[in-house]
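Both complexes shown next keep chain A, but they swap its partner, so chain B is in the first and chain C is in the second.
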Partner chain A sequence: MNHSQFLISGFLRPPFYNGVGRQINQLQRLTIKFCKSHGGSKGMRDFIENHLVNYAKENQSVVVYVKPRRHRSPVIVAEYLNGDRRWMSAQNRNHEEILKWLSLLSLQAGDTEPIRYRKNWHTDCPSIQGPWTPFTHKNPAFNNIAFPDKELGKQLNMPETATEKLLRLVQEQKNTKNE
Partner chain B sequence: MTLLRIASRAVLTLHPTISLLNQQKANVARWVRPTLMEIRARKKKLEIKNGPQKESPRSNFIEWNYDAEIYAFGIRLKEKFNYTLLQQAFVDRSYIVQEEMKQRSVGVENPSLNLSDNSALAKKGEELITEFVISFLNLSLPKFPRDGIKAIYRHLVSDEVLLKVSQSIGTKDLILSSNYPPMNDVYVATLKAIIGALFESSGEARAYEFIRDFICTQLNQVDVNELWKIENPMELLKEICKDKKLGEPEPRLINNAGQNTILAVHYVGIYANKKQLGTGFGENIQIAKEEAVKDSLRTLFQTNNNMKPFNFRMPVEKVANLLKKPALAAASVDNI
Partner chain C sequence: MSITQRVQQWATFGRVWHVYDCSYQNPFDSAKVIVKYLKGMQKPIYHPMNDCGDHVVCINTKQIALPGDEWTKRAYFHHTGYPSSATWTLAWELHSKDPMMIMKKAIYRSLGGNLQRRHTMQRLHLFKDDKVPQEVLDNITNQIRQLRPVPQRLDHIDQEVIDNFPKIMDYPEDYLPKAIK
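For the complex of A and B:
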């Protein structure tokens, strides 16, 4: 079996109970590196001209650094609050693609592999009522009974015997005659 | 070391045929492998000689703008800070000492930095944390005894919890300290100073909300009963029953199974005036009794398994009102 074909499974774990008190954006820093002349950086240059100011305005909690460098491919580096650093090549990507990648990066909580959620919720206290035990719904009256007990031990779904059926039929006949 | 790092980076980036993403295209020149091997060997040699390479501070990078970072920090926490106060909150005493030493070493007679450290702000922050956390706990767990409240408070303001909070809001790169990464107590002091700075910049209510949202929420999914070790539970239960006039608590065996086997189980209940206070299981009667006493205490304190979760959206005015009543405030904050 090829295990790499399957997503690793796990539980939803927001960092530091994020959102219980207030929501903190986990992306803290973004470095955009690009070349001013190479064709591979065309999309990145378009992005910087048209969208970057807008992006920075919308995500003021993210510090954006723009770093031109000669004849090197464009790169996005995202740094997160948990210390993760995610490097991404943006070679030959157009500005729309870059915007989409950036919006994905700003929503993530770190350099995390995608996981398959086993459940959409998670709790450290899975049982509120406590675990079931053999004593949970036991009738307290049973404490004073010495087993085996005839009354409690009898069969519950005993079918009608032939004798009982005959007796019942005779009784029914008698009843109809009397009427 | 830096030279080595630059060299290795040059090898990785200058050579256009190495594509990190597309392995099929890779046509790696024959000199690359031995070069990388050599760099790796030299790195290892240096590490053996000088110990592992130290983490470089993020502020040493070219792409670093301290003002922008401080601004983004405030926005990230959704708070309005006074810039100078927030900056002061990140300055540790050790940084000032180090900078003064540096200036003296180059011959400056009276070094001046125009910086003040965060100790005053941290003190203010610590006071605010104490006030708020104690009142918050008193309001959230009205039936919990004072010793227990103290134990939970001590857990919440312990260095481990505050360190985690401080690290999770991203103070690591902003702290100005002589060490990098900063020492644990510097992280904690910085968090307290941030709260102090928030109090000075935006007022008491915002500071309380900050404490509620970042420190009190650390109680989420934590069993508060585990934070307080009761020395003698039976004695405590007897005292409480006496105070509340519930009658003398007495343990009774409710059920047992598997006697004289390795899987023996005893089920004990604690009764007072023929009313059940709690139950517990154990492999022998003694343990079952102890568990039952603990369960009864949990029920009396209203901290049993099915307790209501903490209200982390509790309006801070409610807590502040409690603090304004002098008698209550004194009772809650004193002797901690």
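For the complex of A and C:
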């Protein structure tokens, strides 16, 4: 069996208590590499001229590095707080596309690997009562009963028998006479 | 795993011992109920691959009540494997040879085909009367309710109850009941 064909399974997990008190942007460092002369980096150059300063102002917690290099394709590398590093090529992408990719990268928490959720919810505290045991909701009177017990084994919800009805009628008759 | 979690695990998967009184019960209807306890299907943690079945102690299997004319019509087939060794034993005959066999076969059959069936049957304890060893009785913490009422025999009713039973009239002193032909 080729295990690489299957998704890794896991649970839905936010970064350590992120957003409970305050929200910390998980994207920490952004490295933009591009070439000053090649056509593949045209969109990246446009992005740096038009949007990069604005982007850096809006995301002040992100450190942005811009690294020109000769005759190499443009690349975006995002590094996250949990140590994940996401590399993506921006070859032949125009500046609008790059802006969209960057906004996606800055919203992510660094989980670059897709996982199959074993459950669609997750809680650190599954149960306050604790798991079920055979003694949960058990009548404590059972501790003092000697099994087998005649009354406990009897069938429930039986209709009244003719004998019981006769005895009941006689008892009622007696009660009315006494009154 | 901490010691509390370990104890919690033991508590959740602890096997419970149930007792079931077979007297005047239909073994085939009772088997359907007993099987649920043997497999642990009454538990919220049940899963077919979860080993959570309970023990069931069936007492008074000699007192089972077969419906209709099943005592004389129901046949139990057995073949030893040798030629011409097939036997068909009637229910009353089998019951006189082994008073636990009809109950056992009814439960074995209603467990359904499964590799776990023999292991599940190991958790069934059959007794022909109510003489159960003390070490078995010590384990029991629950009782399964019977499916039908147990009829009361006249010779088991107290004489006082019989005397005080309401009557319309008393028979005369010299009354002779009609002779049974």
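As a working rule, the second predicted complex is superposed on the first by the 108 of 179 C-alpha atoms of A that agree within 3 Å, B and C clash if a C-alpha of one lies under 4 Å from a C-alpha of the other, contacts with A are read in each partner's own complex, and residues count from 1 in each chain.
We adopt the following convention: a residue touches a chain if its C-beta (ideal position, glycine included) is under 8 Å from a C-beta of that chain, and two chains touch if they have at least 3 such contacts.
This structure is a prediction, so every number in the text was calculated from the model and none was measured.
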So, does A:C125 touch the first partner chain B, the second partner chain C, both, or neither?
first
Per the contact definition in the header, classify A:L81: touching chain B only (first), chain C only (second), both, or neither.
first
After the superposition on A, what does A:F147 contact: first (chain B), second (chain C), both or neither?
second
For A:P15, using the defined touch cut-off, is the partner it touches chain B, chain C, both, or neither? Pick first, second, both or neither.
first
Once the shared chain is lined up, is A:N178 touching chain B (first), chain C (second), both, or neither of them?
neither
Which partner chains sit in contact with A:Q5 here, chain B, chain C, both or neither? Use first/second/both/neither.
neither
Max touched-residue count on chain A (chain B vs chain C) belongs to chain B
May I ask you to decide whether A:I24 touches chain B, chain C, both, or neither, giving the answer as first, second, both or neither?
first
Let me test your reading of the model: by the given contact rule, A:F135 touches which partner, first (chain B), second (chain C), both or neither?
both
Contacts on chain A seen with chain B and repeated with chain C across the two complexes
130, 133-135
Chain C contact footprint on chain A (complex, rising order)
130-135, 142, 147-149, 152-156, 158, 166-167, 170
Applying the document's contact rule, which stretches of chain A touch chain B when the two form their complex?
15-17, 20-22, 24-25, 28-29, 31, 60-63, 65, 67, 72, 79, 81-83, 89, 123-125, 127-130, 133-135, 138, 140, 143
Would you tell me which residues of chain C are touching chain A in their complex?
8, 11-12, 14, 16, 19-21, 43-45, 59, 130, 137, 140-150, 166
In their shared complex, at which residues does chain B touch chain A?
13, 20-21, 58, 62-65, 68-69, 71-72, 75-78, 164-165, 168-170, 172, 212-214, 216-218, 220-221, 223, 254-255, 257, 267, 281, 305-306, 312
